[in-house]
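Shared between the two complexes below is subunit A, which pairs with subunit B and subunit C, respectively.
Let's look at the complex of A and B:
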């Protein structure tokens, strides 16, 4: 991570808020911190808390006022969508804790844990790698169906993720059962377009194909089974909308194939 | 009284407390604009988190954008509101003639600390209670919450 970005965010946060970088994307850097932005310190709590801080640094190549406006717009958009999604029953997303749109900062609930036997952080990606020796066990099937359900629920409520990869699904155990959460709504949107849903499904399918190719067909079947179940539960209207989405998914897939054949 | 400061804005102290069965509401209403702290109708507050979040937002606005109201205390009331309409925020979250319980809230620069002692109690004729989630649960009104948040996000 560039020292400049780290310095800028450290000055902004003051020495009272130590941070640990965990990822750098094209648009944002992600840190963890043990300090809550606004709740008084709990003297009694022994367990160290963990929060995600997502920071959009200024881009030097943009005109400063345009850069400010863009940062504000994107930070606000991601915060809004997270806040809205938290209110949808059954949908699992991290809780929005705070946002500072002027400095491009969002604080979010930290999700996930370490997988057993040194298999790393509990993203869906690592979970599938961990399960590669026993890819067809019931646990993997259940998890992938639940992931499909989450995406179905998202789409049914007219939202799209925009960057559905297996890294952007995080698993967390609740009463010994893995529950999937969708993270990173930086490219998310409220949309009634069937195209956006088709693209979401295609992006996820490609992600599964490329990182877990040996079992990809089965994995994608399990995902789609969960996805479809959400629509099936919505009677006639659900069936109609599902048909449209699946049709578009197929078209996007064909387009994608063509594109990869050409270039 | 609950006193704390926010890590990112540690040059400020935040003091807050809860008064129940307040009896001098008329007098307080007449002084809303001049008292050095915010008075919030406790029926609109359901948790400490809601309050703390508004204080943080007010500090962010004042440092990185601009105060949209007269001072940090009134800015906290505006920050409680889901809309940016100032008059509406005060009408919803501020005290009214029929208010029974009040959350007093004051955000001050650290150096001003010594003037503080007893500042709430001097003004408010009511029972001072610990400001806690538990006590807020007793003073919150779900009808009021529904009303103040109808303009959902």
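Let's look at the complex of A and C:
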């Protein structure tokens, strides 16, 4: 990450907000911070609070007016989708705390923890890698089914994630049970198209294939079991819609998302 | 490790000679190149360090009058008319007295326009039979990539391939040039060319170049004309932008004062010029290109970009790409100039010779059929690790 971006963030946030960078994508930089944007500082609390700060730095290569419009549009749509999703019963997404769409900054709840035995942060990817020695563990199966259910719920409510990978699912323990949370809705959208859902499932399948190739078939099976369960619970209407989605998923897989090229 | 010397040069020479014939669009290119036979190529990964020598690089472009594009039939006729003359001139320039000295004759097998491809492959087959030299069929896109790698010495870059017929973001992985993002409808060069036709600006030297020059004349750079921005994940779409900017240009020419974007509703004064439109179109399209390139870079964890293809000559695009790279750690941008960016015979010779040195020459003349559809990731890249 270049120093200029870091400098730009700290000027925007002022020195009162300490930040710790965790990752840089193509579009946004993600930090953790201990400061809540509007709640008073809790001096006495023993547990140090942690929040996620996602910042879309201005891109110097594009014209300022394009940049402003894009940053605003994307930050706003991500915040909106997070706000809407957190109201849906049963769906686990991080809570939105604050957003400044003009400066491309959103503040969200911090999720996840460190995995035991130094296996890193508790993303689904690291969790599956940690469990690779014992892949047919009942625990892995239930976690993947739960992830499938989350995606099913998302689709059932006519939303799409747009970038489903195993690193975009974070696990958190509650009462000794791992609960999956979907994160990063930067490419997410509200959509009624079957196509988008088919592509979503295909992207996930490809991601599992490439990052966990050895057990990809079983993993995908478990994921899909959870996914289907959501639709099965919705009686006849659910069955019909599930059939449509699966048919389209099959089609998307056949064409490999890419059309044949002419010229 | 890759052995690039698998097939020794013919006639006990200490070097390889290749003739490249390119004619997938409106340019007919003939190039002759030489690779020395070096021991280090036998056991390394140096396909971008062939110590290439360019003996001849000539090109003839079929130029149409302003407002018109090139039709396959007429372009094919142009290629047929010029093929023999260009090959003769190239051999003379390269100082090759005996053409049977050539190791291989390379031709574009696709993708491209059918009729022009056909006229060039007929030329290639004739020469091959006449001089008894093996043929190699080359994918046009791979030609661009290999040329760019050899000229810039970029080892493993993310490639942005932008031309009249193609818009792709490509990265190498496991012996294939894989396409990470591409256009869903028309190519960027096509978009610029067609806008140039609407504006009725000359096609000489190239429509895109003339748009670039017009964009430089834009005096009102702060006030951008707003155009659709259509990036979809790692793909993009440009037909809608073209349709919209075309309609704006038509309103401008017809003095349609009802259009509030172009004319002041009170006074009827013109607010936007043709140069402003060109500038806005370029800024918008190139921002989209740079964005998908950056996405691909983040995805494959690379910090080098190589821009190839005709639109890659555009200085503004190179500038924007460089600016994006500065914000990434150790970012580097590689680009070439019009000699190698625009379609040419040398690039076909370069990719073809690499293919030949790996032992992949045409065995049966029936395998030289050209095709309009030929995806970049169909080619097995044997010459890289």
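As a convention for this text, the second predicted complex is superposed on the first by the 256 of 263 C-alpha atoms of A that agree within 3 Å, B and C clash if a C-alpha of one lies under 4 Å from a C-alpha of the other, contacts with A are read in each partner's own complex, and residues count from 1 in each chain.
Methods note: a contact is a pair of C-beta atoms (placed from the backbone, for glycine too) under 8 Å apart; a residue touches a chain by one contact, two chains touch by 3 or more.
Computed from a predicted model, the values in this text were never measured in an experiment.
J.: Of subunit B and subunit C, which one touches more residues of subunit A?
T.: Here the partner covering more residues of subunit A is C.
J.: Quick check for you: in the superposed arrangement, does A:83 touch first (subunit B), second (subunit C), both or neither?
T.: First partner only, subunit B.
J.: Quick check for you: in the superposed arrangement, does A:35 touch first (subunit B), second (subunit C), both or neither?
T.: Only subunit B; A:35 stays clear of subunit C.
J.: After superposition on the shared chain, which partner residues are touched by A:60: those of subunit B (first), subunit C (second), both, or neither?
T.: In the superposition, A:60 touches subunit C alone.
J.: Quick one: classify A:16 as touching subunit B (first), subunit C (second), both or neither.
T.: In the superposed model, A:16 contacts subunit B only, not subunit C.
J.: Provide the residue numbers of subunit B that touch subunit A in the complex, in ascending order.
T.: So the residues of subunit B touching subunit A come out as 2, 4, 6-8, 10, 48-49, 52-53, 55-57, 60, 64-65, 153.
J.: Given the complex with subunit B, which residues does subunit A contribute to the contact?
T.: Checking each residue of subunit A against subunit B gives 12-14, 16-17, 35, 37-41, 80, 83-84, 98, 100, 102-103.
J.: Provide the residue numbers of subunit C that touch subunit A in the complex, in ascending order.
T.: Residue list for subunit C touching subunit A: 111-113, 165-166, 179, 182, 184, 187, 222, 224, 226, 229, 233, 283-284, 287, 290-291, 294-295, 297-299, 319-321, 323-324, 326-329, 372-375.
J.: Going by the contact rule set out above, which residues of subunit A touch subunit C in the complex?
T.: 1-2, 4-5, 24-27, 57, 59-63, 65-66, 69-70, 162-163, 187, 258-263
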